[in-house]
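What follows is a short report on a single structure.
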Amino acid sequence: MIKYVIRRLMMLFPVMIGVIFLVFFIISLTPGDVATIILGDGATEERIKDLREELGLDDPLIVQYGNYMIDLVQGDMGKSYSTGLSVAGEIKQRFPNTFKLTITAIFLSVLISIPIGVISATRQYSIFDNIGMIVALIGISMPSFWTGLILIILFSLKLGWFPSGGMKGIMSLILPAFTLAIASTASITRTTRSSMLEVIRQDYITTAKAKGVSRRSVINKHALKNALIPAVTVIGLEFGVLLGGAVLTETVFSWPGIGRLMVESIQRKDTPMVLGCVIVFALSFSIVNLIIDILYAFIDPRIKSNYS
Amino acid sequence: MKDKEVLLQVRNLKKYFDTPKGKLHAVDDITFDLQKGKTLGLVGESGCGKSTTGRVILRLLEATEGDIIYNGKNIHELSPKDMRELRKEIQIIFQDPFSSLDPRMTVSEIIEEPIKLNKLIRDRKKRFERVLELMDLVGLSRRLMNTYPHELDGGRRQRIGIARALALDTKFIVCDEPVSALDVSIQAQILNLLKELQKKLDLTYIFITHDLSVVNHFSDDIAVMYLGKLIEKARAEELFSNPVHPYTKALLSAIPRPTLEKKGEKIILKGEISSPINPEDNCRFANRCPFAEDVCRKSEPPLRESGENHFVACHLF
Amino acid sequence: GGAQEETEMVKDEVVVALSADITSLDPQGHNDTKSEMVSFLLFNRLFRLNTDFEVVPDLAESWEQPSDTEWVIKIKEGVKFHDGSEMTAEDVKFSMDRSKEAPKVQQVLSEVASIEVVDKYTVKFTTNSAFAPFLYTLVHAGTSVVPKAYVESGDEFAKPIGSGPYTFVEWISGDQVVLKKNEAYFDKNNMGQSSTITFKVIPEGTSRTIALETGEVDVVPELPTIDMNVVKDNSDLALYEKPSTRVDFFAMNTEKAPFDNVKVRQALNYAIDKDAIITVAIDGAGVKAESVLAPSFLGYKAGPYSYNPAKAKELLAAAGYPDGFEMEIMTSGDDRKKIAEVIQASLMEVGIKASIKMLEWGTFIDSVLRGDEETLILGWTSNPDPDATLTPHWFSGNIGGMNFARVNDPEMDRMLKEGREELDLGKREVIYNKLHTYIMDKAPWVPLFVKNNIVGANAALKGVELSPQGLWNLEKLHY
Amino acid sequence: MSDRTLSRKMIPATKKRSQALDVWKRLRKSNSAIAGLILIFIFLCLAVFAPLIADYENDALKMNIIERLQSPGADHWFGTDEMGRDIFARIVYGTRISLFVGVISVSIALTLGGTLGAIAGYYGGKIDNIIMRTLDILLAIPTILLAITIVAALGASILNLMIAVGISNIPGFARVVRAAVLSVKDQEFIEAARAIGSRDHTIILKHVLPNSMAPIIVFATLKVASAIMATASLSFIGLGIQPPTPEWGSMLAGGRAYIRDNMYIVLYPGLAIVLTVLSLNLIGDGLRDALDPKLK
Amino acid sequence: MKETVLKVENLEVRYVTEDGIVQAVNGIDISVEKGSTLGLVGETGAGKTTTALSVLRLIPDPPGEVVSGKIELDGKALMELPESKMEKIRGGLVSMIFQDPMTALNPVLKVGDQIAEAIKIHQQLSQDKALQKAREMLEMVGIPGGRMNEYPHQFSGGMKQRVVIAIALSCSPKLLIADEPTTALDVTIQAQVLELMKELKEKMDMAMIMITHDLGVVAEVCDNVAIMYAGRIVEQGTLEEIFNNTKHPYTEGLFLSIPNIDDRKAELKPIRGLMSDPFNLPPGCSFCDRCDYAMDKCASEKPEKVRFSPDHFVECHLYPDNKEFQLKGGKG
């Protein structure tokens, strides 16, 4: 198991190297000259030239990439072009916020969707099932900035239950986390439901019933754990959706996270900051999926024995 | 038995699979001959390498080592083109009549496909005639022409598989458990059909099964496999009346017989077939064998002739 | 500070909503209005602007001009930085030199040739040539005086030390900046009023208004115009409005056909419906711009154009485009997108097919500097001297800089030079008056509107002052 | 043999019956899928017959200051926006754009991702490893973030938007196609095809792909829905389609400031998105069931 | 006469599906006595599993529904019991072994826990005691008790089937229903498992229903045999009566379809055609269109039960008029 985890962690390196190169490449396609943007209006040609040299912007892409990687290995993510602040410092400040938001959202949506999925499956085609599915689907069909605005108007302006934004305490976490959660609730619910349906048709469920296990315990003890396996995968993938959704939600709810930072940096062509953000995003997404894979092993002993 | 020509010679055939846990010896050095027009029954427990043997012979899998000489040609040395040419003669019928038929093709399309693909009959009408002929041959009602396999029962599906196998100039068929998925009554229909076809078309079969009563009924020769090894091979009557290898004996005695007459004492084996991954160099049956001796645990017994055309791989014999 | 009404509990904290995070706490490390708001509270400059945009001394005690190019400025004695050290002429010189080198603000003092320390409290600036608007350059945040010792300590403004009415507490990136009242502020007349001022970043416009309504913030300096009515109708809130000096304009690249044709440019000046733009883009919170500067500027003169599509068509026909042509409008940002849409619709009426190209700010600026655009939409605010805006925009040397229309006109260059070197106000006025007329005749721009600054605040909040640049003198905010 | 025993499904077919028909029959039983189909059909009609319903230039594009911000009523069913344009007309024409963007971007992802996935799945081994590990790089960046980066780099336009959303969905499609191919590849009929002498490309085209379509179709339907959502999201951060093109996402994003006083400006485009995405999801789910071999 | 453990009367079960109604079980009667084994034999889809599940009241609903029938287990009328009481009976009074040991065990629970679960429920033991008992059960079926903390995938097929047996027997049920318990196993393993079952059955003096399609297995373990066809029991009798005095043409067909291992030259005489479509059963005898002896009335009239002995009856039109009729196949 440990070996497997280590192997998976090692796998992260080539992926990250690739991710960084990819982003490097994409950003290099962006029109516009970084030096002019940094110096802003009224900069002299000469200064621009100097700065370009200083930043190594005239080097071929691959050299720039190499230099970046060398710095990165030494833990230096560079300085923001637009603010001059250290990228690593900025990300260190902002990332925990995004993390807090997405993790809460995942918990919320798991808390909502697993029970709904299970009940829907056990009462297939019932009113509950139908309504549950439709509600979940509507949730997934709403653009999250829209949901967010509506929630703010409703719960913070009209009812005054929650703050409309910012990051002060638990209360301010609820609306944005909920907005984010709504989008991923649908897929988790659906996966839970269909894997549950699949599982309750299995022989071992009939075996359990034939043992005299009560209905409730058949669901909770025998079916759920098996049904969770596919659901867990989806949760891992949904984490990516949440990270993406965070970009919008963070804007609507004035949440000082890394998603907003990334979009703002892209707009300012602040390459080091964009790279930093993407690395953190990709890394956390990959790590979450790694954790999910390890979680599997705990749920499913068959997988565990494959790893060892 | 030298009167008939030998159609297929398998020499030291090996097929190893790479698995995360090591080399899986699915087929480990087996050798046998098969005469034209005869049936060789291949029996053994699940996972002992029967299907793999069949597939390697048809070159659906590449052998790790060894030769397969069909009609004088070494199959595994043929160019892709020659191989395609040869495929007109050698065919396979699978165990699962569901997954072996493309669910998206109709019965006639399935049977037609090999003819079309190998450009045997170019004329559409004539090709269609041939399809109908084949359907008659295997006892499929012509009306089923446009149905899909999933609409049919196992017996009929298996007939489609047989018709497809016969569509070319088939001379040799590997039947990989063609009846084990079927009900007894249907199973008998298919077995009779296969026998009839063999007579009519002078076919040669390798008949893979784990059902000993079927193999006894159907085959001329029987080869018993255990963990990738061929442990006993003889004519069918000989094997049933005079099994030599302890495993064969146990296997025969374990068959539940549908009669009320007194049956011989059962040999109940302990344990189960062990893992084929990186097997040790000993008799692979030794750990279950009631008669195992030290030598069995130390070295591998070679296949030796114990009587006329009767080969056994056992130290104790 | 106003007399405080004796209610039970008086809030002693003011929260200001910002639409974007500040970029830097280093006054010489930013050039955006959000950061400036914070800088103005933390630091002092030699001069400052009052709400009417007049230059008044801040750190400066007195000044004189021994020659056309020399300015000797004496600073107040006993000004203390937040760390307790005293500000001297050394600090001033250091700051000015630093400003000239800082990438973000180096253009502010570009006219200054050298700065010398005369004595402990006196510095002398020497400009390259006679430069009428010199004092105005010293109100820019980029000329804030920073403590030399602190900068040399290498803290990089993580915990900035200034001399302003507020001291720094914390900056949570993307979230908020918190400042605390500087009890030891040197200027007892302009002391901070609330004990803390918090700047809260709320990027989404609607959310900003809602935060004001729910009381999460006390003042919104850039209230979305669409929400003016919401604030007006709410008795707990107050709306402040004041004309700005910012002109939003539509500029044509005179190097590119058909905009090299003055008739075409004039036609567009007739074709664009400015009223519609004001209604749609800023919900009526502004007035039509009739020339390239706001009416309050020295020597302002309105241009001859009014909305007249028929006349526009005539001019187009005369220019050889009776059936119009296709063109591209380049711009950036949501607000300007709307302006672009209205212009696009206006132009459709006279047969011109305009497409809109929205770019990221960085990319946009870069394309514009390179002259890639055919036409563009932009807004411009600068300090109150006309030269500060006119020279960058119209001087031929600034092509590739802020001469957006890429006008290369010797006559214009001559008038600009004349205007900036003339130290007599009356004469300057005449020069600029002529310049206005000249520019509007050449019509490289269609000035669109002068937007009002709109500030929404809690009705109980006192000391809300607006200058043409928006919310002003934030140290005066209090309950 | 007597044919009386034939199940009634086996009634001899005079015409060739397609599997699609079977799928359709099963799909028809699902109310929600039918509801989805009807909705999508309506939207498709709107897209196709848009010129009959509203005048593009005059209703959807032309500014009309006098009539700006009119509430829904007889003249303007869905009201008018801040420029006095008819929201209904804009939504009708927006259908074209939104569906087009959704479908094309998914097609891009499907073609590229599908090909890669099919190759990886069919050949396995090293090729599989190289392709999938490379795609892991794309997969490591959350879809929308990748799309944002790409649009930011290429500039915002319909084409670039489709490319961005398309590219960012490549790894997803590659995975689904690969999985589908893998599940088919090991079935015996593929071996049977090889046994009768079919070559690789024949096998892939004739047997593997048709049989792996089901999960791919379902995935594609769901992805069209999320592509439409992604477009809207990109509009929100200012990377959407260029004005004045009436695209739902940009209508929604552009009108969001009016959400307080003139809710309908964002309500109707929002509803259009919700309904389209919802119906595509319903169809996708319905298809998932209808195409499920286990339910055959 | 021995005590009757199970008595099923006129059981009728159908499945209502979207394609139509499957008449899975159409009025069958069975009774099983203490200590005896009834073999339930028939082709795929004959309704064997459905019958077994009805006894446990585990027919999936929807789509299944029990149309009519009385089931009496150990004197209790099961059809009337509330679900909560039924849970007490399942696993306690009657237990069931399923065909495929690979899928009958929950892959994510330890085998020990899976055995202990039933014990805990029915004997109200503490977790520790139940686990102790589970270990004993495991050892009884020949698996070292130390392996009870392993998961099913760590066991081979034969061991899994033993675990399933251990679960079924853990509460000493009065009736054990084994639904093709060895079909998925290899011959040598099948022999092990059958041997074990026979042994345990004797030890516990249970009644047993052995569902199978393998007449060889029947010959080895059963006392009585019921031949099922299209949801009906077409012939029932003692092992001897069925094997040596076959009456129903279908039963005869079954015997003629199996290759005779002792006579490899013997020709197979398969039953032609297929079992009737359970969606659409013919009005008369369901077997008539495959039957070599079919008469006119076979197609239109349902045959009555004809008794040859207290235990042996057959449903066939050949007999009421001519009890001496002999099938030609040579059996019986």
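Things to note:
In this document, chain identifiers A, B, C, D and E correspond to the written order of the chains, with residue numbering beginning at 1 in each.
We take it that a contact is a pair of C-beta atoms (placed from the backbone, for glycine too) under 8 Å apart; a residue touches a chain by one contact, two chains touch by 3 or more.
By chain, UniProt protein names: A, D = Peptide/nickel transport system permease protein; B, E = Peptide/nickel transport system ATP-binding protein.
Remember, it's a predicted structure, so these values are computed and weren't measured experimentally.
Counting hops only between chains that touch, chain A reaches chain B in a minimum of 2. Shared contacts of chain A and chain C, meaning chains that touch the two of them, come down to D.
Chain pairs B-E and B-D differ in how many C-beta pairs are in contact, and the one with more is B-E. Chain centres were defined as the mean of their Cα atoms; on that basis the chain farthest from chain B turns out to be C. Our note on geometry: chain C versus chain D, Cα centroid distance of 46 Å, whole angstroms. Averaged C-alpha coordinates put the centre of chain B at 88 Å from the centre of chain C. The centroid of the Cα atoms in chain A and the matching centroid in chain E are 53 Å apart. Looking at chain A, one finds that residues 30-31, 149, 153, 251, 266-267 touch two or more other chains.
Counting partners per residue, chain E has 272, 274 as the residues that reach two or more other chains.
In the complex of the two chains, the chain B residues touching chain D come out as 55, 58, 60, 83-84, 87-88, 91-92, 94-96, 99-104, 106, 113-114, 117-118, 139, 141, 143-148, 150-152, 161, 164, 167-168. On chain E, the positions that touch chain B within their shared complex are 43-44, 156-159, 186-192, 194-195, 213-220, 239-240, 243-244, 253-262, 264, 266-272, 274. Of all the residues in chain C, the ones that touch chain D in their complex are 205-206, 209, 224, 226-227, 229-230, 273, 275-276, 279-280, 333-334, 337-338, 340-342, 344-346, 348, 355-360, 363.
Remark: chain B residues 45-46, 153-155, 183-189, 191-192, 210, 212-214, 216-218, 236-237, 240, 250-251, 253-260, 266, 268-270, 272-273 touch chain E in the complex. Note for the complex: chain C touches chain A at residues 20-21, 23-24, 26, 29-31, 103-104, 106-107, 110, 172-176, 200-204, 206-207, 210-211, 213-214, 216, 360-363, 365-367, 369, 392, 398, 400-402.
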